[in-house]
Structures are given as structure tokens and as C-alpha cells.
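Each of the next two complexes has chain A plus one other chain: chain B in the first, chain C in the second.
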Partner chain A sequence: MTVSEPPLLTVEGLTTTVSVQGRQAHALDDVSFQVRKGECVAIVGESGSGKSMTALAIMGLLPEPQVRATAGSIRFDGTDLLTLNQEQMRAFRGDRISMIFQEPMTSLNPVFTIGHQISEPLIYHKGLGRKAARKKAAQLLAQVQVADAEHRLSLYPHQFSGGMRQRAMIATGLACDPELMIADEPTTALDVTIQAQILEILRDLARGRGMGLILITHSLGVVARYADTVIVMYAGRVVESGPVAEVFGRPKHPYTRGLMACVPTMDGDLESALVPIDGQPSGVFDRPSGCAFHPRCPLAFDRCWAETPPLEEFRPGHHKACWADE
Partner chain B sequence: MSDATGDPQRPLVSVRDLKVQFAVAGGRQVVRAVDGVSFDIHRGETLSLVGESGSGKTTVGQALLGVVPIAEGEMRIGDVSLPARTAADRRRLRRSAQMIFQDPYSSLNPRMRVGDIIAEPLRANGIGATRGERQKRVAELLGLVGLPADAADLLPHEFSGGQRQRIGIARAIATEPDFIICDEPVSALDVSIQAQIVNLLGGLQKRLHLTYLFIAHDLAVVRYVSSRIAVMYLGKIVEIGTRDEVIRNPSHPYTQALLAAVPGIDPAREATRQGVMLGGEIPSPINPPSGCAFHPRCPLAEARCSREVPRPHRLSATHQAACHLLADASEPSKG
Partner chain C sequence: MLRFIAHRSLQSIIVLFLVTVIVFALMRILPGDPVAIIAGTGVEGLTAEEEARLRARFGLDQPLPMQYLDWIRNVLVGDWGISTRTGVPVWTELAHRAPITAQLALTAWLIAVLVGVTTGVAAAIYRRTPIDSFSTAFAMFGISMPDFWLGILLILVFSVWMGLLPSVGYVSPATDLLLNLKHLLLPALALGLSEAAVFMRQTRSGMLEVLGQDFIRVARAKGTPERVIIWHHTLKNASLPIVTIMGLRFGRLIGGTVVIETIFGLPGLGRLAVQSIVMRDYLALQGVVLLVALFVVVINLITDIIYAALDPRIRLA
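After this line comes the complex of A and B, so read on.
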């Protein structure tokens, strides 16, 4: 990762509006971050924090018209993806930007062979013939460490194990040699030894090819082991971001600190009980005023429910959105 | 609580050589989901069963609850041998053994009010003569799991995942059971909520003298809740011991690989970690590998590992692991 190059992706002030039965709310609110070549950026947060919606917005896959991007920009190599129509977006999606999902069984088509599905983007985007595409597909499958790749191209998704399906998904995502890959909880459905294999492959591919990788996860351990940069989201906003070593080494936002104190770990002190974060995350339509974390925050004071704190850089590269400054 | 095998106190739960088999492919093949599992659980302790999907850990819990038929083996909960043969035994078992499920969304009837969900096991077991008495008990139970008394009048969808899991726990403890099987009770919850439920289960255990079988794949969670840990692979227990024995001194290569695969949250330590990564995946239990089922993935496997099934090797009074290499270390002439 080189810092001098312009970022591959710059998300700035991204805001999405959800409309349901006449009610409107901001699901994402002023989300900003960057991804550089070869960098693994992890987005962490709980359900409803907006991490998956951020990914869908980048992919141009927001479920419109219920959810629309209403402010901000997503600049990828000089183009604001939010200004593209579906036709133009298709030229990026699956080619220069690809995405893999949590549940490979629902994102692979059960009636086509694995080989067919890996070949498809190569035929559509790169104009390869069937034969050439199949040859490339075998290479890709071998690259994600599926043994006997040639033979397995003829199999259907149900004949693969969960881990192999996820590898096949990654192979599909890699087919066109994308500059940016978004992996949305790619290992949540998998066992821990398979998780380690898959994440290792993804990180090595990012570093080896200079591919930007956005890793969406709820696991702080996955972030600590595999990511370079972390973005902590809560209730649709970025509450803290920066290099992983910096953010986890000196967490500043009370939510980040709370998460780190409540997560069971392999090295934490067993004598002291886990310190849970009180309360529950809020829904899109019942977001608290001001800083949405204030009802659960041990440091909250008057200002926190009156005004929303902006995301500010307080140490080089380390950002937080919090009024408290003890 | 004591882990000593010679404890004069009889274990609350005892499982010996349990085998559970399922017929597949129209009866032409057999899946040995649980293939000769033995363990005891003492009063007041938590035994965790860990392993990857397909290891058989959930099936062991189901066998204890009588949900799946047992092919071979003996099981006992309290004084009742399983499967319970008389109606009286079944009644006692329903009262004394309960279960907490993984998914708090699908394990609560969406049309029943929370009060009725929690009162159901009371009614079914003839606890509380009148509706009024049961309501009083429901209010008490809601308090125990940290929910307000007026939660009784609401429907499950009005609660978040963590609150629903509390409802499931209130239902499980309603009949004052001795033994609760917790099947992945926190894995569907958000991280900030997991700690609430882990702490709640721990608090209730102390207060109500509960004994838990905790089935989970998340070793970090398991580390916090367990007195002892049993590691399963392809239907067998490959290692069992006290929490510290298994976590600090893992002796089976599979346990070692499993522990190495769990990422910690300290980035500095993660950056320097040079763990041996386990390749491959858990094989199909329909056609398990010969000898030690772990041998195709084991970095230390020798020729013998593919031929002979390793027997449990005693490492201490409380710690056992089934690996040929361990037997070598102390009994070089064996074989």
C-alpha cells in the first residue's frame, strides 16, 4: 500500500434515505472513507449499523425506490458511481468492482454448474469464448485452493461444501481481475478453520494484485488479524476510523471501547466478567437524537442528545465522532 | 464443583459410548453422526462441546433430549436413564432438563404473548394451580432474566434479538430444571448483546445451581463460560479436559489448529502470529477417513494414523486426548 497514490475509492458524505409507508429516515448518514490499492479496509458494526448498505450503495445495488442515495459521492477512479445509470453501472459491476456475499448458497445459481458461473463474467465483460473462459475458470478455482479444480467445474453448487462454495464465489468475484472487491461477511456462515483459510486467500490476493478490499464483518478478531484500516459504524454513521493498530490500540469512541470490552477473546482476563454495552442498537426509524449512541453511552452529557458530533481527525489518520473528550 | 473422576458425588449427566446414526440415500448409506461419545457433567458445572459443523455436537444435545433415536450407548440425566421408558420418567425429565436455542426468532411462537410462552412449561408440568399463581411466577422469571414485568403482555416481535433470547431463557428455567442444554445461545446475537447473555447465563447458573451443556463453535465464548471443554471431530471427542487444560495446553493437533484459527483482537499480536493453518475441510461423515478421522488434515500424521483408530490417552486425571503421537510420548513400546 502506497500512501502517495490517489485513493482507489473515495466515499464522501454518503447518505441514503429509506422511505417506508410515508415515513423517511437516513439509513446511512454522512459516511466518508477511502480505500487504496492493496489495502484491506474493514467495516465493523452490528446489525442495522449500515455496513452492508454501504456496500450495496457502492455496487449500485440499493433496493430503489425504498432506499435511495440522497447525498454525497462515491468516486472510483475519477467517476462518481452515484451519477451512473444502471446500464453504465453494469460495466463496472462484476468487472472492475466485484462483491461476494455471506451466504454462497443463495448467491450461486443452483441450476448452473460452478464452471458456468465463474465463466459468465469472463464471457460478459471480457468477451472470452466458452473454452477460454472455462480454462481461466479452472485457474481461478485452483487459485482459491479448490483441489481438482478442472473436474469440479462440472459440479453444481449443492455438490460443494459451504467452504468450497465460498471459494467458488471468490473465484467468480476475481474472474475479471477487479480493482476493488467487497466481501460482505464472507466467512460468517463458515467454521473457524475454514474462515482462516478464506480470509488468508482474500488478504493475499489484495496484497498480491494491489486490489482494494472492503471486508464487512462483525468480528473484531477478523479485523485485528486481516485488515489494515478499520471503520467502526453505529446507527448509520462512522463513529471511529483509522489504522487498525491505532484504533484497536487506542480506541477513542465509547462505542469502540465498549465493543472491545464486551467481546469474549482468547487472551482476555477471565477473572473479570465481560462488560456488556447496556441497551440495544436502535432501528432506522427510532434513532435517538444527537449522537445515536448517547442512550447507551457511559460518557453522555447534554450536548450528546442535542447535536450530532462530526467525524474529526484528532490524530494523524485516526478519526472519531464524539463530543466527550476526557 | 469438582472435576475429579473419583468424585464421590455422582455426575448429574452421564453419557457412555453414545452412537447416533442416520440412514441416508434411501437407507443405502449410514451417517455416523455421533460415533462413540462418553462424558460426565457434574452438578453446577458447564461442559462445552465444541467443533466445526458436522462434528456431531448438536446431535449429542438432541440425543440427550430424546429428539433423535440412539443407536447404541447409555445416557442418564439425574436418576432417569435415557430414553425414558415410563410416563413418570418422561415427566420428571421434562421438568428437570430444558433447552435454550440458537435462534431467538424461530424458537418463540410469534402468536403467543410472552407471558403465555413462559407459562406454557408451567402449565404442561402442572406447576402453579391457578392462573394467578402462574402469572406471579412469570413475573418472577421475567425479573430473573432482566425483563420488565409488563413484557408478559407483549408479543415476541416487539422485542430485539437479545431480549428474545432472555424470553427463551425465562421459559427454560420456568420449571426449575437442574440441567440446561444451551445450543449456540449467543451466536445469532450482535456482539454487544452476546456479553449480556453470557453474563446472564453465568449469573443464573450460580443463583439457581444450574448445570449446563454448552454447545458452541465460538471458542472465545466457550472460554468464558466453561468449566470443562470437549472438542469433537467427525462424531468423536478428540480431546476433553478442564478449560485451562484444553485452552492452555491443547494436546490434540486438531484442538491446536482450532485455537490457532481464532483471531484475537490485539493487532500487534495478530501481525506476528505464525500459526500453522489447517488446510482442507471436515470430511463427510458418510464415508469418514480410516484410522484417525483427522489424519487427512493433520500436519503431524504418520502412516499408522490412517490405519488405526487412536484411543483416548490420559494426560491427567481430567485431561484426555485421542492421538497416536501422545501415546508414543509416554508409552514408547506400545503397538
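After this line comes the complex of A and C, so read on.
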């Protein structure tokens, strides 16, 4: 990972608008970040902070017309994905950019064999015949450490465990050797031991292939262990971003600090209790003025509810969007 | 799979047995018997001895359980008895008429499936657009309109006003296939369109449910062409309840032929059933009902087998 190389993905000023029964609001507001080859970028935040929506926007899978990207750009290898129509976008999906979803139990089609489902991207994008695709599928399944892969291709999803299903999903995502993979909470539904295995497979494959990886998670432990860069989102905006060591070492935004204070540590002092962040995150339609975090922020002052703080680089690579402590 | 089929076949035999008991009993509950009808329609009234002789000939002097057992025993060896109305073996009569009803029912069913599934899929894809509203309105119309009324309307429009298609009668496909289809089109439409409405509603709701599933979003994320997503990924999942409904409605569709064949003057099983009831032609009606029941049971068996073929969770359970 060299800084001089142009980034694989550059999201700039991405804004999505939600329209429900005549009301409109920005679900994502001015989201910007970059992903380089072989880099693992983690996006963290509470439910509803816009993590998954960012992923869906990159994939061109926003639930239109209720949610639309209304501003900004998503540049992938020189192309602004937001300017593509569905058919042009389809050529990218599953081929150069792939995505793994949160819920492995419902992500596989119950009436098709695992082999068929892994083969599909190869058939649509690489023009492989069924036989060749199946052969490749067996290799892919073996790569994500499913034993007896050849035989298991003929099985149906209901004969697979959750962990095996998620491996099958990863194998599908890897089928066309994508340059970018988005994993939306890929291990939330799995056992802790399986979680570690899946994440290790993902990280090793990303590094080995020079594939960019966007890992969406709400677990800071996962971020610390697997990611190179972290993006902290709150209420549809990026509030802090930077290299993992830097952000974890010197968290600047009160929200990031709050998140870290509510993670239990094994070596931590038993006396120091976990500190939850007070209050509830706001909904899309009732976002507070100024900095959306101000009602829950211990450092908030006048300016915070008057003006929205921009995301600014205050140390090399380390960005924050906060008025406090300038 | 073989065990599954064997199990379902056994159930089917029980169903058929119950059907024979019910139709036998229902016919006997009706007032009058074939001999009384014959005696009533004859030019000269029959004497009491002649009536008794006729009853003996048809086996009607036997106690009811004996009559039933006789009938079943004969049917099992292929003797479906003699029609008291025509004097022709019931089996010959059935063999003549069954193909007509079968052709009518299958054509109607094909229309129902084609129209119902395509409009249902279209309504689901173009949800909340004029296409959806139109299809839903069509379905409401189809479900609300009785077959016979639709049949009369079709005759009025296509035969009387436009003079495009014949209104009554039947031509064997062996004689003239085109003319045969012309005769069948209107009755098949009358019968099929209301079924199409039922299939359309089932298809629409099934498709909408499946389109909202996670694995459809995954299919899109794989770059699956939209055409494959609709007709392959979604319809195959949605087809399980559709196929069930298709099997179940087939019985109703055959029931509908009774009225439709009468309106359009088609000499099928439905007409035979009506004539047999009027003439208290016990054996003929029992034959019709048993044959139709057999047909429906086989269709349902096929439905179950298709169902298992479509859904691996059933097949391997």
C-alpha cells in the first residue's frame, strides 16, 4: 500500500435523499473516503448511521425511488459509478466490485444448488460454460476452506450451516476476482469462533490479491484487528477517519471516544466501568441542526447546533468533523 | 422420491374410494330411479311386473350395499355397466366424451396459466403503476364474473355481433383441427379467464414477496441480468404456491365444464353428467364422477411431484 498510487475507489461528497410520503431528508450527507488496493477500510457506526447505505450506493443497489443518490461522486478506476445506468452498473457488480451481506441464512436462494449460485457471476461476466464455471466454483469453495468442496457444490442452502453459507457467499464474491469487495457485517450472524475464521479468510484474500476491502461493522474489536483504515459514521456523516492505529490511539471526535469507552477490554481495569453514550441516535427525518451529535455530546457548545462541522485533516491522514478542541 | 409417490398414491386411492361411496349415496338419495323415469317416459305405462323385471335386470332389486359392491367389483375388472338411458356401455360413452372435456379443460387451464402468470409477473414488476392497476382490476373482474355469464357474453360479442367464432357445437380435431380450435376457443376462454384471475393474484403476491427477499438483492449484487432474476430466481421461488393453486383449481375447472359444455353445446362429460342426473342414469353418472375424480386425483399427484421437484427442501425432507 503506497500513498502515491491512485486510490481504487474515491467517494466524494456522496449524498443520498430519502423521500417518504412527500417528506425528504438526507440519509447520507457529504460522505467522502478512499479505498486503495489491498487496503482494508472499516466503516463503523451505530445502526442507522449510513454504513449499509454507503455500501448499497457504491453497488448501485439503493432502493430507488425511495432512496436516491442526489449529490457527489463515486469514482472507481476512473468511472463515476453514479452516472452509470442499471445495465452499465450490472457489468461492474459481481465482476469488478462484489458484496457480501450480513445475513447468510437468507442470502442464498433456497431452490438453487450452492454450486449454481457460486457459478453465476462466472457465467454472466466471464462467459464461462456451466461445466467450467462449476470447476472454478469447486476451487473457490476450497479456497474459503470448505472441506469436500466438490461434493458440496451439489447441495442446497438448507443443507449448509450459517458459517458454510457465509463462506459460500464469499466464494461467490471472489468468483470474478474483484478489485473491490464490500462486506456488510459479514459475521454478525455467526458464532464468535466462526467470525474470526471468516474475517481472517477475507483479510488474507484481500492482501493476497491486492483487493480493496470495505468492512462494515459495529465491532471496534474487529476494526482494531483486521482493518488498516477506519471511518466512523454518525447520522449519515463521516465524523472521523484515519489509520486504525492513529484513530484508536488519539480518538478526536467525542463520538469515537464514546464508542471506545463502551468496549470491554480483557486487560482493562475491572473497576473502570463501561461508559455508554447517553441518548438515542436520531432518525433520518429528525436530525438535530448543526452537528447531529450535539445533543449527546459532552463537549457541545453554541457553534455545534448552529453550524455543521466539515471533515478536516488535522494530522496527516487523520480527519475529524468536530468544532471542539481546535 | 419413490416412497413419496407411493405414499401419495395410497392417499389418492382412499380419496377415490370415498368419492365412489359419496356419489353412489347421493344418486340414491335423489327421488325416483331409472326404471321410474323409463316408465314415465314410455308411450304406454309399464305394468308392475314389467317394472319389477327391469329393476331386476339393472340389479336395482338388490339391497344398496350389494349394489355398491357389485358396481365396484365390476369397475375394477373394467366393466362400468350399461347406461339405462342409452343402452350403450358406460365405458364406451365415457371414452367418446372424455377427450372433449379433457381438451376443453386443458385449453382453459393453459389460457389461465399463460394469462394469469404473465399478468401476475407484470403486475409485480410494475407495482403501483397503471399496469398493476389494470391487471388487478382484470383479476377482480375475472373472479367476480360467473363462468356462464362470461360464456354468454363471449357468444354475444364474438359470435352474434362480430360473427368471428361459432357459438355452439363441436368438431373433432381429427376432422378439422382449425375448426375444432375455433369451437373450443370461446368455452375455453369463458372457463379459463376466471381461473387466470386467481393465478394472477397468487403470482403477483408471490412474486412481490420473493422480490423483497435478501437473496434477490444478492442476485443483483452478483450482476445477474434482470430477466434472469425475474423469470428464474424469483418465479421459481414464487411458483411453489402457484403450482399448488393450479392443481387445486383444476378440479374446480372440470366442475365448471358442466355448465360451460351445456351453454356451448359441447358433447363432453359435463353434458353427460347433466343428462344422467335428469334420467337417473345411476351407472353413467357414477362413471362420469369416478372418471373425473380419477383425473383430478392424478393431476394433484402430478402437482405434488412437481412441487417436490421445484423445492429441494420438500424433496429431501
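In this section, the second predicted complex is superposed on the first by the 325 of 326 C-alpha atoms of A that agree within 3 Å, B and C clash if a C-alpha of one lies under 4 Å from a C-alpha of the other, contacts with A are read in each partner's own complex, and residues count from 1 in each chain.
Here, a residue touches a chain if its C-beta (ideal position, glycine included) is under 8 Å from a C-beta of that chain, and two chains touch if they have at least 3 such contacts.
All values derive from a computational prediction rather than experimental measurement.
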item	value
Side-by-side fit of chain B and chain C on chain A, or clash	fit
Arrangement angle, chain B at one end, chain C at the other, chain A at the vertex (C-alpha, nearest 10°)	80
Which of chain B and chain C A:A27 touches, first, second, both or neither	neither
Which superposed partner A:C262 touches (first chain B, second chain C, both, neither)	first
First (chain B), second (chain C), both or neither touched by A:H125	second
First (chain B), second (chain C), both or neither touched by A:S98	second
Partner chain in contact with A:C40 - chain B first, chain C second, else both or neither	neither
Lowest C-alpha to C-alpha distance for chain C against chain B (Å)	9
On chain A, positions contacted by chain B and by chain C	none
Residue ranges of chain C in contact with chain A within the complex	213-215, 217-226, 228, 233, 236-237, 310-313, 316
Residues of chain A defined as touching chain B within the complex	46-47, 145, 161-164, 191-197, 200, 218-226, 244-245, 248-249, 258-260, 262-267, 270, 273-277, 280-281
Contact footprint of chain C on chain A as seen in their complex	59, 61, 86, 90-95, 98-99, 101, 103, 106-113, 120-121, 124-125, 156, 158-159, 169, 172
Chain B residues within the chain A interface of the complex	52-53, 160-163, 190-196, 198-199, 202, 217-221, 223-224, 247, 257-271, 273, 277-279, 281-282
